[in-house]
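Notes follow the structure.
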Amino acid sequence: MTAVYPGSFDPVTYGHLDIIRRAAKITDRLIVAVASNSAKKPMFSVDERLEMMRAVCAGIPGVEVASFSGLLVEFAKKSGAVAIIRGLRALTDFEYEFQMALANRMLDENIETLFISTNVQYSFISSSLVKEIALLGGDAASMTPKIVFNNILQKISGL
Amino acid sequence: MTAVYPGSFDPVTYGHLDIIRRAAKITDRLIVAVASNSAKKPMFSVDERLEMMRAVCAGIPGVEVASFSGLLVEFAKKSGAVAIIRGLRALTDFEYEFQMALANRMLDENIETLFISTNVQYSFISSSLVKEIALLGGDAASMTPKIVFNNILQKISGL
Amino acid sequence: MTAVYPGSFDPVTYGHLDIIRRAAKITDRLIVAVASNSAKKPMFSVDERLEMMRAVCAGIPGVEVASFSGLLVEFAKKSGAVAIIRGLRALTDFEYEFQMALANRMLDENIETLFISTNVQYSFISSSLVKEIALLGGDAASMTPKIVFNNILQKISGL
Amino acid sequence: MTAVYPGSFDPVTYGHLDIIRRAAKITDRLIVAVASNSAKKPMFSVDERLEMMRAVCAGIPGVEVASFSGLLVEFAKKSGAVAIIRGLRALTDFEYEFQMALANRMLDENIETLFISTNVQYSFISSSLVKEIALLGGDAASMTPKIVFNNILQKISGL
Amino acid sequence: MTAVYPGSFDPVTYGHLDIIRRAAKITDRLIVAVASNSAKKPMFSVDERLEMMRAVCAGIPGVEVASFSGLLVEFAKKSGAVAIIRGLRALTDFEYEFQMALANRMLDENIETLFISTNVQYSFISSSLVKEIALLGGDAASMTPKIVFNNILQKISGL
Amino acid sequence: MTAVYPGSFDPVTYGHLDIIRRAAKITDRLIVAVASNSAKKPMFSVDERLEMMRAVCAGIPGVEVASFSGLLVEFAKKSGAVAIIRGLRALTDFEYEFQMALANRMLDENIETLFISTNVQYSFISSSLVKEIALLGGDAASMTPKIVFNNILQKISGL
């Protein structure tokens, strides 16, 4: 089975990496798909997000990293994927993810959304929390890989 | 019973129309009330939203379309309504709607909020989802009336 | 509009009465329907529950009290009702009520379920809480009418 | 990928069948696992549930039907499965399923739980609802295959 | 501040112990209160539950263990407590706990309920899950202290 | 016990005051901490928010008012606090607050977050609702102290 794991990954956290490692074990080919058409102004450009994702995914078998724009289901179909992987941390995730899964099913019935629960120790981590803690001078090194945390600190010092 | 069904309707979807049809059957007079004082920048002007709403509600007995600004309960009272109709799709709707119902009850005890559950096949549809799919080049024609979808496409091509 | 407000009412609480008063204001005829085919062993018989309900509803205009068995939508149709009224207190209510509303809609498309939010001061009251507090020797007199609370105390002393 | 789809299936509904069909498309081998050690007194014996499940799954490629007792993760491991499939209908499902997924992950880290959202038109269907409607004399034929509904009616008439 | 941490503790888990340790740090005196009037048939008698609780709480400064029957707020008042401590693991906990906190506040305005979130690694553990896993032959030794797990195994072998 | 009750308090409502009064009864020293580094553009400056908070907290024993920037846990530690107090009104509060509590615990294990449920009559009040109602010409005088409501009206008239 080929699957797509989409996200803005601005930046990637240990929570995302946990989902990638789990998904890689149950798929033949996993495409981590970095969204380039996000409404929100990202901290990192698509190229920076791709570079960080490639660095942290190196060595996980069967994982490819790519960017996409437009409809996710179109990207999935073009990539030969039959499933979309999404991580669930908590309730509010669930509501939004559920609605997106139903919308994507309406857009293309042949692509299924599979939800995986995040490891509990990462259940409260999000990209925005990591950035907020870093901005307030806190230590988010246990939430995201070192290379990513250093990049955040560099972005902040350049503000 | 006269009731008000308020919303920003930017634009109206099949989910809204489902609620309007259901509400029309249990009320003597249903006023679909298009909010003009929305904080968020709408895609369509109040006049455009009124025009689309009038077009899709034509032929549903007992339904009137109007715009309002200021407090919803003031508009309801002035209109002779004793109830506010709200559609519920999912959990997050519920929380927000519940708080608004309690706030409106505090502002005017004589106007009751009635919740109707949306048809399951429209449960994942929202105005913002329709616009997002259209912006990404997807086909949202099953989520909103043809006249509305064409107007969205026209707006997008003019961006 | 004729509507049905169903429940086991074992026994009726101030929360139920709040919904009955609100529903009576927006309906022409409100049938409070005491369910006789409950799976759970009730504290009060159907006749006792009917008698208490009639006592506390006396004087609310347009309210009738009846018992029913079998499918709720069949009872509603036979009674000439076009709507079912349900009170919502909290989230877990919502989930269950939502599923029942969808099931009832499948069984009869012409009967709509209308949800009304309970007054916040009654939001934590339920029949089972009233009975539990009374059984533990607590004072539940602010949660249910005096006539009902006395009946509970009598039942408990007879255990 | 080999996966297990466990449940009590007392009896199987169109909601379960929807999940089975979706799961079959993304797995090489799907084992529908009927639980024999349920705490609740079932309407149908394990053998009856197995027979009905085999009847309704006949013709879906890659699907096997089996019963199991003891820990689900032990059964999954013995069956060569790397994933457990669970359907999600609504919020309360989610909470319970999430806790079970975390518990199963603690018991065996190598077996992942994958959640699939049920088709919206089956989102309010459950085995207990089907039985309750049938017991009250209602028509649940749109919620479960004809062979199953007939078996329920036979069970009820024999009560 | 003196506080009460009530529960049926049938039996105590690492999740309970986590709350006890956290609560002990912010209170002068913490009374762990084992409920004797539970509706559900417990696996362990009150005396057995008290004994296990005393064993696992030994050495945590400021913690006392006691049993109680009747209303919790009455026990709290008699014990000189001004607060009730409750652990929150997840959403469904929250709903129930919230309603109980409001009910207890109605019964005695001077006793406040304080909620503490359980450590994420214990968030999916409950007394009933521990017993269920043990009954199915699984290893719940990471969910509850060794002395408790041994007692469960002894109870099961004696069934 | 010394505790911190943080918030943006833009402006303080009767809901906040309810939590402050309850928290003051179970703490030796309560520091109401007005956040100065909010992402959102506030209606009132930090100095204005501090002045209003001091006015409405005058006379509540053991309560101090201060502003803070940077990480909350750092401020708490510097203030000698061992606990953070947060009010819970509803479900969506819970999710967000839970995640923040877990993040703060990760940043400093020695500071516990204690949740208190808001009085039901204030459960639907928020700073943004108060401002929205005032902007629409409604009477929010029952939601916030008179001095605060007058300040809002003055701000609005100066827009």
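Going in written order, the chains are labelled A, B, C, D, E and F, and every chain counts its residues from 1.
One rule holds for everything that comes next: contacts are C-beta pairs under 8 Å (C-beta built on N, C-alpha and C of every residue); 3 or more make two chains touch, one makes a residue touch a chain.
Computed from a predicted model, the values in this text were never measured in an experiment.
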- [ ] Report the chain whose mean Cα position is at the greatest distance from that of chain F.
- [x] D
Open item on the list: Between E-F and A-E, which chain pair is linked by the larger number of C-beta contacts?
Closed with: E-F
Open item on the list: I need the rotation angle between the copies chain B and chain E from a CA superposition, between 0 and 180°, in steps of 5.
Closed with: 180
Open item on the list: From the centre of chain B, which other chain's Cα mean sits the farthest off?
Closed with: E
Open item on the list: Quick check on chain D against chain E: do more than half of the interface residue numbers occur in both copies, making it same, or fewer, making it different?
Closed with: different
Task: Selected pair, out of D-E, E-F or A-D, that shares over half of its residue contact pairs with C-E - done: D-E
Task: Mean-CA-position distance for chain F and chain A (Å) - done: 34
- [ ] Would you mind pulling out the distance in Å between where the CA atoms of chain D average out and where those of chain F do?
- [x] 47
Task: Centroid distance [mean C-alpha coordinates] between chain D and chain B, Å - done: 38
- [ ] Return the residues of chain B touching two or more other chains; collapse runs of consecutive numbers into ranges.
- [x] 91-92, 95, 98, 102, 120, 123-124
Open item on the list: Judged by the touch rule stated earlier, which pairs of chains are there in contact?
Closed with: A-B, A-D, A-E, A-F, B-C, B-D, B-F, C-D, C-E, C-F, D-E, E-F
Open item on the list: List the residues on chain C that touch chain E in their complex, please.
Closed with: 90-92, 123-126, 129, 133, 136-139, 142-143
Task: Interface residues, chain C side, partner chain F - complex - done: 91, 120-121, 123-124
Open item on the list: Quick check on the complex: what are the chain B residues that touch chain F?
Closed with: 37, 70-71, 73-74, 91-92, 95-96, 98-100, 102-103, 106-107
- [ ] Sort out for me which residues of chain E touch chain F in the complex.
- [x] 1, 22, 25-27, 82-83, 88, 91, 94-95, 98, 101-102, 105, 110, 112-117, 119-120
